[in-house]
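The first chain written gets the first letter, and so on, giving A, B, C and D; residue counts start at 1 in each chain.
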Amino acid sequence: MTALLEVNDLHVFYGAIHALQGISFHMDEGEIVTLIGANGAGKSTTLKTISGLLRPRQGNILFQDRDLTKVSAPKIVSLGIVHVPEGRKIFAPLTVRENLEMGAYSRSDAKEIRASMQQVFASFPRLQERLSQPGGTLSGGEQQMLAMGRGLMANPKLLLLDEPSMGLAPLLVEEIFRIIVEINAQGTSILLVEQNAAMALSIADRAYVLETGTVALEGPAAELLENPQVKAAYLGR
Amino acid sequence: MSATVERPVVLNTEGLSKNFGGRVTASGYEGGLWAVRDFDVTVREGELVGLIGPNGAGKTTVFNMISGLISVTSGEVEFYGKKLVGRPAHAITQAGIGRTFQNIRLFPQLSVLDNVRIAYHSRAGYGLRDAIWQGTRFARKERELTERAQELLALFHLQDRQDEIGSNLPYGEQRRLEIARALAGEPKLLLLDEPAAGMNPREVHTLMDMIHFIRDKFKLTIVLIEHQMRVVMGICEWITVMDFGQVIARGTADEISNDPKVIEAYLGRQGRRV
Amino acid sequence: MNRSRFRFLGQGWLFWLAVVLIFLLAQWVLIPRLNEFRRTVWVMFPCIMAIICLGLNFIFGFNGQFSLGQWGFYAIGAYASAILTYRLGERFSYPVQGIVVQVPPLLQKLIPMAEISLFHFDAGKSGLLLVAVLFGAVLAALISLAFGYVVLLRLGSDYFGIATLGFAVIVQVLLINSDLVIPETKGARGMVGIPQMTSFFWAFLFLVFALVVIRNVLYSSVGRAVVSVREDELAAKAMGINTLKYKTIAFVIGSFFAGVAGALYAHLYAFLSPLYFGFQKSFDPMIIIVLGGLGNLTGTLLATFLWAITLEGMRIWLPQGFEAWRFVVYPIVLLLVMLLRPQGLLGKFEFGFLRAPKWPLRQVAAEAAPQVAEATAGNPEPQEERSA
Amino acid sequence: MRDLPSRIIVFFRRNWYLAIIGLLILLWLAGRYRESPLLFWQFIVDGLRLGFVYALIALGYTMVYGIVRLINFAHGDVFMVGSYTAYFATTRYQWGFLPAMALAVGVCAFLGVVIERVAYKPLRDAPRIAALITAIGVSFFLEYFTALDFVFTPNFINYTPLPLKITTWEVRGITFSNIMLLIIAVTTACLVLLWYIVYRTKLGKAMRAVAWDKETALLMGINVDLVITSTFAIGSGLAGIGGMLYVLAYPQIRTFLGVMPGLKAFIAAVFGGIGSIPGALIGSLVIGMVEMLAQGYLSSPMRDAIVFSVLIIVLLYRPTGLFGEAAREKA
């Protein structure tokens, strides 16, 4: 079986700053893979490069054997990769419904879009109650749900989640993670970037630890959870 | 904690509230969103107080109101008994309240040294005329203030970086520079807004040591915001928990982590594990 | 022990040498070779324009206030000083003949002047010009203080730009109607008979004056406060800086120099027309400082001269009958420069004296705070803005 | 809107000096009204006519500013090109009214797109001021290039014959013309159409999404470049219609014709709250009427000063214009 996503030797620069210094990893269909690491290790940069917001100077990204490094960001979405950005980035003046519609921008079949919306409501019933409310008036947790629902509206094969738990009450974090597992169970592969390494490792299949733009460690999530190095640096126990 | 009772009150807020988007009508505020409602806190000299809650709970809004960066809708802030509400931000800083920001706000295109020297501005000891003339008084005062800035930088291991541009520093150094800059204003009360954001547990640990160190060295009172319980548990003497703009609990770390209201609204059943 | 004092002067010697050399070269080599018109538009007018641009750069480039109203203060300076000298008129003239040096015949071949007269000037007129410049500049500064106090207090960024543009338009309209109150301005017809007193010496002197004052303010605590407002106004407030005060200071200083430039302009051409102070021209200083690079003094000087020489030079360089193409070529050049160098011609380069003085590293024996571990050494990811 | 009267009372109670100034102006106007009510109403009607034309230009400013935060100084000159297109189509080539208008829309939309691609798009990641300077540059270029002898020449052109017959009639002594009714009808239709596009179509929603956050819009699969280009096309097309209507009402054409209406429409957009469609309309109508009253009762040059003074005063008390979203208090 070929990998769903394969990242080979990725180098990315912000001006003169060498942010990614040769990152390689892969993920198979149906997996939850998580990238953990300190601030500045290059986790968000990796996601932005996969979704086409940043261009690598070297290396390639293969999605179902197709090279993404020359593909435009909107085209990547229509190929089936959706990136839910850090900090949710809700379109505040648009209503919840319009936000969801924007998620389905790359699709044109009205009937299927309606079906997707029903699916999103099944996962996030709270969104249905607030359909005509401007996105900016939702609470932090609801915004995260909207961001994820909006991502799902594109019917992705692969969902890139950047810090979904950021700034949420522990109570809500648990709910969000439960939903992530649920989405994965319905067949969407998930690449998860998390500050909250303990939570991320507890739901992931495999994990990569990034340090200063390179992959420092990799392995099954359960193993890393027990790794003394990881424990000391990222789990705080 | 019986000794704390005699210490003087540094900061006291009463009914501090902030409404965004509401309109003044003859009968008070109408509509809008209450970001903070009736926030009360009392902080005594030398204490280290934690303010926790999820994003959007209103913690940063409280800081912004205390430091005068946004207007206060109602309520009062007292600093060593002096009323602060209505005074401009720079006057509040000069009165002795320093702060840092959640998403580090350095002066991005200025050198590290200038970042700190700006904070010494109100103590520069010369004015526009001296600056234009560049006489001996200017030279002397400028040297004094630069040397003080360099000493402060040395304290934070940044002295070799003085000519570097602020935004080119790595993340950890930016955090330290921001704290150094806040200390340059010689505050009595320091407000730290999520100083541990984006740090791994090991870094958080050293950061907490540093916070203890500066509190003792500069005889500070510190209030810090955090949304991870674990970070504040170890070092804060008192903790206030906020959610949806309101205080839902206050007490010592132990009291908070066993408070049923906090568990229900914030931590969750297994929350203490996280 | 006074080393730091000498640092400030010490770095300056090259600058002052350059100033004197440039002056001598221009006065005795360049100017005699140019005819009256070119002398005015290529040498003297750019000096004046550079003064107004330095002022605007102080406001926009260093303080971050998007002001399109500089032209209004320029007009105020011009008219105020012109009215003053018009009224005082020709009564002031006390020529002073100084030492006249006869140049040896050999040197005459190199320098196309038969004699060099030192101290040959008109004391009365010079005094009158100084008073006029001061009057125009102070009036511009006072009006900017009042306008700034009302507008800076409440408006930011683009809205401030629009309000200041409005100010410039209002000033122009008032000038058109000014003959109702002050008959000698002759309103829309334009004011004539202003004594022509601006020489290269004065234009250059005031340019150096503006440059040194702005440079000195910039690299002091006042200047750092001014710049901090541009960098991050909120953080500046939290550092105890009265941002409103420093916005006002920058605005007033910038307008003061606009007034200086206006006064020199009035006494250069001896004719003022409200048409010249229209809103489309008011973009010129903004264009120049962006070309030279915001917050770059050397760049502003360079861009002003390049701008003036290109724009006026095209009158000569373009083939006969293509005069109308001047303003077709100019925007194309502008576009190309912006597309190729959006950061300005010089980027961050500054001429020595105009650069911020550096302080020596100092090893301080201080008890050090616990080191925060550097797991992140190297590359900060840009921090996402978060709101709470 | 229900509590508007009470809000106005609260406002004036706080800013009593404004109330006094306003009262004086009202008294002065009332005096003029008593002299000749007819003249007063005629000015108002003329002001409305002007205001409806401004609205078409102001919409373009507002849309472009909303999406790329750029004051598109070349917009007034696109408007001028629209006037010339309509003039040549109807006089030299004898086109009918509607085809000529369609041509003006097409030419202006195309011009807008070209300007965006050549002068603004390459600078999207550069400092905002760089794009502003190129906007000024494009404006100069259009004005002076079209003034060349082999293009439109620098001379005034009198628009004769007009493509439609002007009929005027008097209602109680106030003169109306069919041109005015045409202007009102066309502008209203454009407004409704625009409102429909922005709030009801996929493109319009994408425009609002792009205006809020370009990067996230990209992540949703929105072709941001295409959306921005469409915005320029729509805004410039509206300016084309405006250009045609303007020269029908004021039939003298010159290549600098767009400068003042462009500036006024821009002021109107800011006055109404930049980014807001109803704001652009209301702002334009108010500016048009203020301008006509100032011109009628004071003098022609004074009107620019009066318009700007009104703008500055409004901005001082509503820093984002009448209908602008309230400034977010950010910290």
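As a convention for this text, a residue touches a chain if its C-beta (ideal position, glycine included) is under 8 Å from a C-beta of that chain, and two chains touch if they have at least 3 such contacts.
All values reported here derive from a predicted model rather than from experimental measurement.
Common neighbours of chain B and chain D (chains touching each): A, C. Think of each touching pair as a link: the shortest run of links from chain A to chain D has 1 of them. The largest tally of C-beta contacts between two chains is found for B-C. Chain centres here are Cα averages; for chain A and chain B they lie 32 Å apart. Spacing of chain B relative to chain C, judged by their CA centroids, is 41 angstrom.
If you average the Cα atoms of chain C and of chain D, the two centres end up 34 Å apart.
For the pair chain A and chain C, the distance between mean C-alpha positions equals 52 Å. Residue positions 331 of chain D are each in touch with at least two other chains.
Counting partners per residue, chain B has 55-56, 60-61, 69, 170-171, 198-200, 202-203 as the residues that reach two or more other chains.
Residue positions 234, 375-381, 384-388 of chain C each touch two or more of the other chains.
Within the complex formed with chain C, the chain B residues making contact are 55-61, 67-69, 88-91, 93-94, 98-99, 101-111, 113-114, 117-122, 124, 126-128, 130-134, 136, 138-140, 142-143, 145-147, 150-151, 154-157, 159-160, 162-163, 169-176, 181-182, 184-185, 198-200, 202-203, 206-207, 209-210, 213-214, 217. In the complex of the two chains, the chain D residues touching chain C come out as 69, 71, 118-119, 122-123, 126-127, 129-130, 133-134, 136-141, 143-145, 147-149, 154, 259, 263, 267, 270, 299, 301-302, 304-305, 308-309, 311-312, 315-316, 319-320, 330-331. Interface of chain A with chain D (complex): residues 51-53, 72-74, 77-78, 82-85, 89, 91-94, 98, 101-103, 105-106, 150, 154. Residue ranges of chain C in contact with chain B, taken from their complex: 2, 4-5, 8, 213, 216-217, 220-225, 227-228, 231-232, 234-244, 249, 356, 358-359, 361-364, 366-381, 383-388. Chain contact summary for the complex, chain D toward chain A: residues 202, 205-206, 208-209, 212-213, 215-224, 325.
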